[in-house]
Every structure is written in C-alpha cells, then in structure tokens.
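We call the chains A, B, C and D, going by the order they appear; numbering starts again at 1 in every chain.
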C-alpha cells in the first residue's frame, strides 16, 4: 500500500467504487452478517465490474450478491453462507457448481498469515497447520519446506496484498482517520496489506470528535471516505442497527428460486433500480424500517424480536 | 423457567449436555460460528462443571459472554454481552497455533473413519457437485488445537430421490477440510508436524463416539435411550469399532435443561436438527 | 505461554517477583523513561536474582539498575541509555565493557519478528533487513536462506518466547484483565509470547470499571497482578505521573561516580534500604514529591517545569 | 517570539533547517528517539514546505503531533499532544519494511565513507572498549526506508588526552549497526536484497554532504558561512569527494527560526552540540 495524504478524501459511492478496476483482487471487510460494505458492493455491480478476485474470511450476502451478478472470477474466502439462519448461499453455489468461478477456498489463519506477510514486507510466512488437508491441492502457490530450526515440515504461504480493501465502518473524518468498532474481523489486516483502501462510514465526524473516540485507522492508509448511513444494510452495523432479517429472508427466497427470479425480483429492484443510496433506503422500507432495525437499543426483548419473525428457511 | 417444572429433556438438550461433558475445567475452549449446539454446550459447562474454562465466542471472540439470547448469526453484538473484552481474530488463531487452545468443536458434511471432515465440496473440488460453505478456521485449527470434539446433527443417512443413501459418515471423503488422526496418504498427525492431539470425542444424534487408540478408527461408546447399535451401523457407511461396553448416555439434570432453555429462548439450536429428532424426548 | 484462569491473581511484589527464577529470560515492559516495572525490578535485585537474560527494545534506568546489581548475564536489547538527557548508561557500560555480561544487542523489528514467531507458534519469521550489518555476527542463531518465492536472500530469525514478561501498567482487575495506555511499546508482544506474565498496576479496579475502560489484555494471559502505585518510579506512568528528573539526575551522578559509590549511595539507600514499596515512596520524597510529579496535569507551564531544573549532565 | 524581532540564527537552527530541507512533501517521515534535531526539522518541514508529510514521532509513534515543548526523553506524552492518534511500534517498522516509509533520520558515533553507521560498540563488539547505547530500530530501518538523512553534531574531531584525534567520520568502522550503500564485504544494497535506497544526505555542523552516484563515497556539497573545505578535510579520517561546486548553505528565514524557537522552549536540542558550536551565529 502507499501513503495517502490529501486532506479531503470524501467521495461519492460511485467515485469510490471506480477505484476498483476489472481484474483486481478485492478484500471485503466485515464478516457473516456484520458490517459488510453493501452500498459500495451494490455500486460495483451497477458499474458492471468484472473478473474480480475476492479474498477474505467468513462471509455471506456480500459475496453471494457479487456472484449473482458475475462480478467475481475467483473466490478465496474461508466460508460463504448464511449459517443456521438460511444455510447455504444459492448464488455462490451456482457460481461454483457451474464452474463460472474458480473455487480457491482458504482458511482464516492461512489468509491472515498471507496478509501479515504483505504487511511485514516479506515474501511469505510459515504455517504449521494445513498439512494433511486438501487445501494444498487447491493452492499450488503454497510451498512446503523442512524447517531449518526444527527439521519438521512447514507450509510457506506467500504474501497476499489485495489491490483494494473495501470496508464499511462506524465513524471517520474527512481526512480518512477511522474508528472501527469490534468485531474488527480482518479489516485491519486488509487495510494494512492492501494497495488501496476505500471506506464507507455511517457518520463523518470532525477530527476532534474522532480523536475523542480513539480512532484505530490512521488517515494515510485510507484513499477514500464515503458517508453512507445504513451502508451495511442488510447486514448489521452496531451500535447503529441490527441486520435486516426480513430483507435477508426475501433475498434468500429469491436466490433459491433461481438466477432469473433473483435477477428480476432482487437485482432489478434493489441494485439496478434505485438511482441513489437514499432511494435504496426508501425502497427497503424507509424510516419505519430503519427505526425498527435500530430498536435493538430498546432492550433485550426488542432486540430478540428482531430475530423472530419471519422464519428463515433451512437450506 | 425454573428447574422444578422440568420433567423431560429433548434429544437436542441431551446432545448439548453430551457435548458439554467433553469440556475439561480450566481449558480455553472455542466453537466455530454458526454452531448453536457447541455454543450452548460451552455456556452450560462454564456454569456447571467447568467454571474456570475460558469461553471464546465463535465470531465475536468475546471472552466468557453471557448472551441474552442466541441469534441465528454469529457476528452479532448479542453474543458479546457480558464479556469483559473480546480478543481479535488473529489472537484466537495464534492462541491455537502456539498450543494454548484446549478444545474446539468441529462439524462436517462428510466425516471419515479417522475423523477427517469435509465442509468444502462434494464431488470434484474444482467444479463441485455441491459447493459447501467452507471450513472457516477449521483447517488451521484442526491441526493446532489440543483436543477436538466433533459434533453433527446429521448422522442419520437419508435416502435421496434416486433411492441412494446419503451417508454423512463416509468410506471415502471427497475433500479433507480439517485433519483427523490420519491423512489421505495415511500419514499420522505427528509425522505431519502438527501439535494438536486431534478429535477425541464425536457427538451425534445417534450416539457418542471416541477413536480406537490403536487404529484411530471411530468407536461407539454410548447410545441414547432410544437408539441402538444397529441404528449406528445402518447409518455409517464404514464399519465403526463398537466398544466392549456400550453405555447409555447420562441424562442432564433439570437444572442443566433449565439453563439451556434460558440460554436459547429463540430455540435457535433446533434449526440444526431434523424434525424427526426434534420430537425425541426423555423423561428426567 | 499457558492459560491462567484463577479468579484472584493479586500478589505482593515479593510473591510476583519470585516467579522469576535464576537463569530465566525476562522481557521488561515499557521503554526509555516510560512505564518501566521498577518496583518489581527493585524486588528482583533485593531477592538476589542472578544470571538473567534480558530481551527487549529501547530501555534505560531499568536495565542499567539490573546491571549495577549483577542480575543480568545476557543483554539482548536494542538500546540502553538516557537519550540526550544524560547520555550513556554507566552501569550498563561497565557490565558490557568488563565482559561481565554478554552483549547480544538486537534491533526493534528483529526482536518483534522473533516475538511474533513465538506468538504465532512457528519456529521462525523471515526478515529482509539486518543483512549487510554486523548484527549477524552477534547472532549466530539467525539463519539465512534464499527465498523460494523471490530467489533473494532472507534472514530467518528464530521464535523467542521469554520465560517471564515483567510489566507495569495503569489499570487491572483482580482476575488479571489489564488496561495499558499507549505508548504500549512492546508490552503486548511480550505478553503474548512469554510463558508467564507478572504485572504491577497503578490501580486495581472492579471488573465492571475496567470493562468501561476497554481493557486490552485478557485475564487468562496474566499470572499475577500487584497493586503498586507509583510502581514505575523514577520512570513516568501517565496519566498518573511524569518521570522524576531530579531522582534520575542523582541516580546518574551516583552511577557515573563508579560502582562503589553507586552501591553505597543508590542501591543501599533506594533498593536494599526500604523495607517496602511504601517506604521507598517516602524515601524518594513522599507525598510532596509525588504531587509534584502529578503536576503535569496543571497545564503546559507546570508540565514543562518538570523538565527544567536540575540540569541533566551530558555523558 | 515573533519573526520581526529575529535578526540572527544559531548554527543549531541553521543545521535544523538543512535537515528539514531534505524532506519531500507527501512522504512518511520518521526520526529515532533521542533526536531533537530531526524532531525539530520534521516539525518545521510540516509547517513550511512539506505540509502533506506524515510525521511519525520517534517513540510515541504519534501521528503529526504538535508538542507544547521538547522534553529530554522521547516516550513522553508531551510528544503525543495534538496527534489524532498514535500507531504501534510494529506498525512503524512494518510500514518501513513494506517500502512505505519515505525518509528517516539516522546518526552514528562512527560514520564510514559509504554511510555505514556504528552506534553499538567501539573496539571488539564482544568486549567493547566503549559500549554505545545501541541502534534501536536503525539496523532494520536502514535496510528498509526509501531515503535516509544522516545527521551528526559531532563531525569535528577532538583530540583525546593521549593526543590522538577522535574521528567520527572514520576509515574503518568497528561495527556496522546500520547499513549504508556498501557492506563491509563490498556488497551493494541491491545484491543484499534490501529495498531502501540508503542515505542520500548527510548534515553535520561542518557542512552538507551527499554520496557520489558512482562510487557511493561521501561527497561535500555545501558549507556553512563559517566553515571551509579544509575544516571538512581536517575532521574526516577518510578522503571525502568534494563536489565540483561547493555552495554555502541557505539560511533559514526569521519565520523558520521563530518556529524552531517556539517548538523547543527548553532548547533541548542544544544538548547535542559542543559549546564551541553553540556560540556560532549567522545574521539574517
């Protein structure tokens, strides 16, 4: 990565997303149903980005959505699914099972060691695990050696420097200093290892206000900042909002019904339909829906209620 | 609900109790995300026989959380409630890699005789017949963790439309996502330079298993009150070892059951079970 | 390191220091004149510990004091001195120049990579730098290899797991959860890589109070917690107190005057003299002195005044 | 004090200005601890010609600090004041190792013709005649940083009691703590696989130097108004290259001097200079 020193890095979603070029390797922040940069990813789909290589840990609707629109060619994540909520990810499955994308499944510690190698400016890091599994078959780029200190076998995993880290976080300032609230998942590893970092944030605050929050990302690692409230929807971004289970339910059923249904009922309506992120927010239910997603703050009963109806299906 | 009113335990609760019993006091224990059964087993153990265990939550990495409920997704703040702090994703994996993780829970869509697990792909991994979600951290952890409890709610082999039995405990595993006791090439964990001891317990809806100390083959140790050795043989594609004495699993106390029901008011863990198993109950 | 799970890890300085055994490798927290575990180190000297191997980054009075009492046999730090305040460290110099200690000087990134290797459970980490310097002569345990990915030369530095990390931090609870305020220097690396961690803290607070401070060390990595207010004196421990320049000045002049003078005028008085840490605090000036060291809070003028008189000498 | 009242600059201030001029705008710049001269040079550059530089403070790793004063020790909170945040020690070294540190300042008690520096030991490193404090991070950084400015306030060679000249710029270096352009064995940085470009400027109390592009030997580029080529030759044990045109260093403006005096009310940086050099002044 380089050093980005302009005072004002505020951009539109479209400008930020255009930093991602066809064929690049992207690292998507957040994980599972938490703090995924959905507004930026929808913009990537709208801009028709192609042939991307996605790397990361455990993900869900973010990678599944990119699969549905043919944006990704290589998937190097450790998990893509909807856990016990909905089970397997339909668009991801179709992309893998049709051979349209290359399956380069990875594992959490392996990918962290590869990002660390890039972060430390060294060509590789050693790993003791992975041996005895079939991940070595999927990754001819890993090398094995006999350790010169222990004489035991080791796997050497090469440095991995994504072209662009795409993240959504709670707070930032115009210069690009960021405050990410935990779980940080792999965001800090992506930020340090990647050549470019584009961040959408729930709220842009003054640098003085951010200082009082004890930021955890210095501005010079960040190339663009986009203020996109609810930019992680339908995933969660506490302390602002829980994830939108009813939206995810309809997403899942549309995806289950097949690619055409998904294109017509989901992509057309929620990705290509809205002319802006604001319009997207009205489409998904506007302020009533957003207030409901914020109601987790009202106590355990209100919080729990967000996870009850409608029932998710089991794949 | 308080313990006095509790007269029965469901199979799911009895199975959670079996998983909890594999936890030793004082060890650092981890479950993967999307794993309500182990999550509940850990919450239960910490509040009963293993008060000094370190509970690391599956995706938030919260330490010793006391969640108000179990949501159906693992990176949710509700699963961090009550923790004094959370560690980072790298801390968790580094702890295991340096040998400080006592136990973790792993599952698989295919399980072979040596405890190798497949959660990656059915068929050719390059163009899979069924692409499974993936192993998360299981591949690395299976090599590093001191002890592993394998759990599955899908031991029972169903018959597909073509009339073919769909075994979860298979003779041939299509992809080794996490290593058991012996690799595909017949190499032992030790020879591979792995630190962890591998899986020592396997808890399913049909019984409780360990591994034969000599052959490292799955061995039946205990059945539920309503399952038989024949059920296990019928639903296991390979020939498991049958222990000289096969016992009946101990049932949880009403206090155990009350805790489990308090932890999971949404009954999130039931989503992992077949409806036939959800109806199984045992009087206490 | 192991996992330490007892609920109450409170100990006396003497009990905590006794975890350090003769011949062990110790990692001393803090750095330069900041947050060094001086109360614990004085206790090590009192207990007559011998043949220790000290590893770390940039240090000052802590390592110099241990050198004066013959506690250390091997010094593997990146710097030991008093910067432009007093210059070179007299007891450290004598120990090295007499051949009484082995000089294993290291460098900050090298030692961090060695601690990281221990932290990651791997036998070594690669480093690109160090080549072309004479540190390779001081460290036959480093190995060199041609990188299988780049065909360029690399240095492999072995994992370094200290026996005991000795740290002084601002806040902790009885169970051992800690809140360390920055600069963290290498403390977190020491904590994760070491087999045992003994911590003195300015203040033991309730777990609920600590939670509100967002602790950065989980209890299960810490074996003992000692409440030792002003336990870093004469180094600083903000936000509590600045460093004690006048005490360091007399320390330096006694050390400059030679080993006998230092033994009689400093060690006898401040290390072997006081029967307790409380008595030490009275000896160094009691509440009047402590209030003065806290006066940095009264504004820039008061803060600056702490660095004016007395003049430090230049070595 | 405001600029109107300023009629002269001290040598120390002029030297700080020369160091500041080696900084390019937009680069990430670091100085080691115990280095008030580079600290002041960076504070000055950030507020004059290099407003987009990233200032990483020497030991607190505070980003773009605005300290109320310069204390005589580097891990002091006063040096973090005004930063929006501080990075960690590993962040700093990793930034350099991956090639993102534009420039750093290094010094030495011995400097050889190729810019190798010794801050470790005089004599045999195993049992040194003089044990120097050590290199901190200089060893690693000298290999990794893109550009290095070497600075020293001790170019002038004193004569010891035995009547022997004590050179800082030496023919033979006892220990290479940080690598310059060519190793002890005559191997170039490139052949060593190092990423950084090595030292490009050397600022001393006698003059400003760079390195001959072909031979990589120290080359005199500029003198102070009160120093001569002969001063440099007399105080350098090896034969430096003399540039075809040796200029006189540009003097700072009163505004520059006012900033330096505001940054360092304690005149902490003067502790690094000999008294003879403290008395050197230049009219503005």
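Quick note on the criterion: contacts are C-beta pairs under 8 Å (C-beta built on N, C-alpha and C of every residue); 3 or more make two chains touch, one makes a residue touch a chain.
Everything quoted here is computed from the prediction, not taken from an experiment.
Trainee: Quick check on the contact graph: shortest path length from chain B to chain D, in steps?
Mentor: 2
Trainee: Give, as an integer number of Å, the spacing between the C-alpha centres of chain B and chain A.
Mentor: 28
Trainee: How far is the middle of chain A from the middle of chain C, if each middle is the mean of its Cα atoms, in Å?
Mentor: 40
Trainee: Measuring from the mean C-alpha position of chain B to the mean C-alpha position of chain C, what distance in angstrom results?
Mentor: 44
Trainee: Mind pulling the residue numbers of chain A that touch at least two other chains?
Mentor: As it turns out, chain A has residues touching two or more other chains at 120-122, 127-128, 150, 152, 154.
Trainee: Where in chain B do residues touch at least two different other chains?
Mentor: Chain B, residues with two or more chain partners: 94, 96-97, 144, 195.
Trainee: Chain pairs that touch, all of them, please.
Mentor: A-B, A-C, A-D, B-C, C-D
Trainee: Touching chain B in the complex: which residues of chain A?
Mentor: 30-35, 57-58, 77-85, 88-89, 92-93, 96-99, 102-103, 105, 107-110, 112, 116, 127-135, 137-138, 150, 152-154, 182-186, 188-189, 236, 238-239, 242-243, 245, 296, 300, 303-304, 307-308, 312, 314
Trainee: Could you please specify the touching residues of chain B with respect to chain C in the complex?
Mentor: Touch residues, chain B against chain C: 26-28, 52-54, 63, 84-85, 87, 91, 94, 96-100, 102, 144, 195.
Trainee: Residue numbers of chain B touching chain A in their complex, please.
Mentor: The contact residues of chain B facing chain A are 33-34, 36, 59-61, 68-69, 71-78, 80, 86, 88-90, 93-94, 96-97, 120-121, 125-144, 175-179, 183-184, 187, 189, 192-195, 265-266, 268, 271-272.
Trainee: So in the complex, the part of chain A that touches chain D is made up of which residues?
Mentor: Touching chain D: residues 1-3, 5-6, 118-122, 173, 177, 192, 207, 210-211, 214-216, 218-220 of chain A.
Trainee: In their shared complex, at which residues does chain C touch chain A?
Mentor: Touching chain A from chain C are residues 113, 120-128, 143, 145, 147-150, 152, 154, 156, 158-159.
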